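First the structure, which I've put down as structure tokens, then a few questions once you've had a look.
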Amino acid sequence: MAKGPPIHYASYLKLDRLLSLQEPESARHGRPAHDETLFIIVHQVYELWFKQFLHEIDSVRSLFRQDRVAERDMGLAASRLHRVAEIAKLLIDQLSILETMTPLDFLDFRDLLSPASGFQSIQFHDLEMKFGVQLDPAQMEHRQRNLGSTRADSAADVNPSLFTLVERWLERTPFLDFRGFNFWSAYRSAVTAMLERDEKAIATHPSLSDSDKEQEKRELAKTRESFDALLDKERHDDLVKKKHRRLSHKATQAALLIHLYRDQPAFHVPFRLLTTLVDIDELLASWRHRHALMAFRMIGTKIGTGGTSGYGYLRSTVESRKVFTDLANLATFLIPRSALPSLPEHVEKSLGFAFEGSA
Amino acid sequence: MAKGPPIHYASYLKLDRLLSLQEPESARHGRPAHDETLFIIVHQVYELWFKQFLHEIDSVRSLFRQDRVAERDMGLAASRLHRVAEIAKLLIDQLSILETMTPLDFLDFRDLLSPASGFQSIQFHDLEMKFGVQLDPAQMEHRQRNLGSTRADSAADVNPSLFTLVERWLERTPFLDFRGFNFWSAYRSAVTAMLERDEKAIATHPSLSDSDKEQEKRELAKTRESFDALLDKERHDDLVKKKHRRLSHKATQAALLIHLYRDQPAFHVPFRLLTTLVDIDELLASWRHRHALMAFRMIGTKIGTGGTSGYGYLRSTVESRKVFTDLANLATFLIPRSALPSLPEHVEKSLGFAFEGSA
Amino acid sequence: MAKGPPIHYASYLKLDRLLSLQEPESARHGRPAHDETLFIIVHQVYELWFKQFLHEIDSVRSLFRQDRVAERDMGLAASRLHRVAEIAKLLIDQLSILETMTPLDFLDFRDLLSPASGFQSIQFHDLEMKFGVQLDPAQMEHRQRNLGSTRADSAADVNPSLFTLVERWLERTPFLDFRGFNFWSAYRSAVTAMLERDEKAIATHPSLSDSDKEQEKRELAKTRESFDALLDKERHDDLVKKKHRRLSHKATQAALLIHLYRDQPAFHVPFRLLTTLVDIDELLASWRHRHALMAFRMIGTKIGTGGTSGYGYLRSTVESRKVFTDLANLATFLIPRSALPSLPEHVEKSLGFAFEGSA
Amino acid sequence: MAKGPPIHYASYLKLDRLLSLQEPESARHGRPAHDETLFIIVHQVYELWFKQFLHEIDSVRSLFRQDRVAERDMGLAASRLHRVAEIAKLLIDQLSILETMTPLDFLDFRDLLSPASGFQSIQFHDLEMKFGVQLDPAQMEHRQRNLGSTRADSAADVNPSLFTLVERWLERTPFLDFRGFNFWSAYRSAVTAMLERDEKAIATHPSLSDSDKEQEKRELAKTRESFDALLDKERHDDLVKKKHRRLSHKATQAALLIHLYRDQPAFHVPFRLLTTLVDIDELLASWRHRHALMAFRMIGTKIGTGGTSGYGYLRSTVESRKVFTDLANLATFLIPRSALPSLPEHVEKSLGFAFEGSA
């Protein structure tokens, strides 16, 4: 039971102030446009969700800033990222409401808003930076121009990003070389053996034509090539330097380990967490994609609110602003359970719960 | 091109004020609960959508207040109600975000909010009243107790409700008795003929057993009974008095006319509008249902925030607060196209576009 | 690389046969109704999803049939139940397609289908039974009449249901009395202390009026009463006998333990699994609810396909067919983290991972 | 009441056959993979929805094949396209079920399916062709290779596509030059006047700096340029030849007319229909996008089932396979209601309902 004075719904939510923040420009100009209220409310709701998104990402970043992330904090981090994913889903669902406004309705007040633009959302910028988006120089300049001087007001601490913190956490995992089990050399052997089996299978296949065999061999060569680029640290580092990869070699190893042995209790939550990061990445990409489509439909290829030819720019950012592509890409390097090196018993036991060992 | 000074995104949306309205009680009490921010933001977002919902319903009500609703205004009304339906959908989708908060997390700050409760939302109350919800005395008393003195502040003009305005508009339709075509007597004859055909079909059915025939006859009797209650104005009025029906006899006739001849151009938009009203009604019912489930899961059957045993009350309101049940119920009285009286040619022409007649 | 002959998409999916299974009755009767194809396909798709639902539930049931569920199998069970929840969501989404068919369109062929009805779906019946739905005698008789003789063909092994298996698994948990820590007595003390604190807080509250204090006391008495009914095994058993509760006293204790200490690594997956069971229960309830609404809208209150007055029956089943209500109801008995007895260190260690202890 | 023998749910839906069409390859190879059932069912469900999609598109195409589309058929076409949009939405929702299968689970049976691939779906190919997708030669060759000889079996009549039929219907509209009102010259004058107003507003703006004025002038020049390319038929035709536009000049005029005067009763349904076509286009694009993301996540950049490096190919098709881009692009050419030439009264009357004129 609370000891303080009773709380009322309206004052708790500060409704009088909240509901007085919608002041259409069109009304101020003496020609009220019915749909401008919708336009304002949709964007205010977006900003409220961005705030919640930041609240969760900040809390997860602070959990991951610890030198050693306690296991119970892992569960917390996974839950909060799951919430972020749900918010990202809602951002998408919400577009269907804005889409009920037609371009002609938008034209009734669009000119009055110039040059305001969603590109000026500081919260969205911070959200991307904190998640780990990397802008190339042109994008960054575009962003800076839009955020303008207001940016200075925000002292957002965006570093290290969630990407960096997760990368470091992966690199710290003790299981890459654990009590005599070296994951990387076991994995390398398994891959080599698998590729040799495939090579033999092609050579001795009873029903493949010669040209089909050549085709299969070419594909196998490509597969081998892509595994080589992973297994060789130097080549991986080179790909990172060229920005074809982003995740460090060691962190990639750890992520693979978790994916391949995700059935082990100790990897349940880490696996879920990595998967959720990829989910969020894809949801944000889908949101950018759908948002670009909607903007295109609303303003055509004309110069957008904000002076940028919106659609072209938006569209170009859908893929380039993804953060955890290397995690999504792990599928390339998974090997079937049947080819997977089995863990030594004492390692498997370590990855289980303490009470089991003693049972 | 705007002539005024340039507008900035943040000032247009009043972001500094908007984003300063989240002040968790738990922080004020010195034991910040991470999830209270979510709780506040979710409810603020709900209130913003309620405001938009009211904005649309108010505009549709004002369109329908005209003595004669211009045809182009019908299209506008249908679009705005479609938007309301989209908002109602989002209210439901949004629950999945609140559901990421577990009951244990809620317990961290729930006691501090007492006795604040969603039942104190004036906007939601107004929204229901304006849509046409009728509360029975017990519900109304419950509502008044919750809204309390704050209610006085709101001078919301909730009458006539959308239900009443739509009912009046239906009653005014000129087509019930139009240039020699009396819809109700044509419909009555068609129903009578259909039921007689069915009676004969049962009697002469080649393969039905006697007991099956008896069963079919009993069902036919029930069907006849339910048509009779519709066709007889006095019986219908009596059902209205007993609150088993709500829509007046004349409005019901008009709604049936629109449903049966909805392929006629003049009925396209009216049919869509009536359908959307039922959609909104169902979406709000689904929202209440899902909301009740969530509240149950969050607080159990314990006394809820706000001093009411939330779930029981919420659950009881899912059905009773529906407004357009009689429209949803029209399916009961539809007759197959093959049994439908065909319109006289000059009537059909009147329901088409002017340019067609002259083509 | 596969060793067999190449597989083709169409033959793998048996598309020629699959796509030949849609034979509208209306076409057979010489008056093809456009929408009957939709009606058939929607229901065939439902049956395919029911099959998948059964596939997952069966696999989870077989995992839980083991005397001791291996921890890695727990992760598997949780994932598969998550998939079931996703399927249940889709069942709901799918209704929006059927809703594009209007009642008048349905009338074009409805009579031809008599007395076929969704109540005759054996897979859906099995799915409910395997999940753990309990039908009262009237419902069961209704069901049997609809399933009719065809039921004999299905030798579905529906026992023990998932509910029963989960109950048994909960009862087997070793942690209720573990190395000197007796959960139930610790919980009882914590509840007693919390209620006493509340009692004192009311008595000494500085600003409550006397009548408010009386009101608070009455509510506290109800809360105490509901905790008493849980803490006293005999009273709980009595509630079970009267069908006000379903989950055994011991299983309820275990479920509470998992909810209260869900942050412990060993409880992460069990907590998720229990939550998902409640999710599925609610999704099925939502589906029944929305489905009832749709049926109502499609056929009114008229006698439905299948000779039952569909809506009334459907509506009545929404709540009564829930299975895991007692898990959803656990919120009633949670106590704030601040009041929670902390685990002895050696118990907490046991609930962590083996590698942590040795680190 | 039906006259025939009673129909049973299971036989109506041919459930015995339907539910026997799931035969996992992994089981045939003696190492059953639990998730292959899901894989089969998901794809069979997709094919059932494709069939329904085709059923609707075919019916709309046949409505539009008439020399003059009756107004009541327009309503029918709009409803059926709305259903297609709902199906397209479900295709997207359904991905969330397939996403519950992890890459490692897929690896358990992926090799056995080689080289089967979704690219071999004839129904999907037909669906795209009938909707109006144009494949470039490389895409078409790729498609042909995948569909292979089985294609011959399908005598699908894909021409004229829905795109072509809609284009022809737009070109036939009588309102471009109607009773003395020439839309195109009125539109041209309005555009010219608007651009001149903008030019003057820049020149005389009280607070713009010189460099801002230069910037505004450059943007205005671009806007003028893009209107010119529309207003000049030859330039438009040239853009069509270069495949930068697809919709003919006359059809574009008609589509613009409908968008600008969509409040007129006669344009309600046409406007809705055009909007729904763009919706479907976008939904299919979103589906391709999300599907590509999922495939990437499932198989990485490795050579996909079907021998194509799936993701790259899929991704490249998201935009290029859109059909109604020119309709989506109309926003570029809308002018504010305030600048819109008002219709002569007798034209406005013609676009209303016949009964209004006589009222």
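Note that the chains take the letters A, B, C and D in the order they are written out, and that residue 1 is the start of every chain.
Here is the rule we use: a residue touches a chain if its C-beta (ideal position, glycine included) is under 8 Å from a C-beta of that chain, and two chains touch if they have at least 3 such contacts.
No experiment lies behind these values; they were computed from the predicted model shown.
The pairing of chain A with chain C is characterised as same-residue: of all residue numbers used at this interface, over half are used by both copies.
Among the other chains, the CA centroid farthest from that of chain A is the one of B. Centre to centre, using the average C-alpha position, chain A and chain C are separated by 31 Å.
Averaged C-alpha coordinates give centres for chain B and chain C that are 29 Å from one another.
Contact of a single residue of chain B with at least two other chains is seen at positions 1, 111, 262.
Of all residues in chain C, those touching chain B in their complex are 31, 102-104, 107-108, 111, 215, 219, 222-223, 226, 259-260, 262, 275, 278, 282, 285-286, 289-290, 293, 296-303, 307, 315, 319, 328-338. Across the interface of their complex, chain A is touched by residues 1, 3, 5, 71-72, 75-76, 174, 198, 201-202, 205, 207, 216, 262-266, 268-269, 349-359 of chain C.
Those residues of chain A that touch chain B in the complex are listed here as 1-2, 4, 6-10, 12-15, 17-19, 21-23, 25, 29, 34, 37-38, 40-41, 43-45, 47-49, 51-52, 55, 59, 79, 82-83, 86-87, 89-90, 93-94, 96-97, 100, 111-123, 150.
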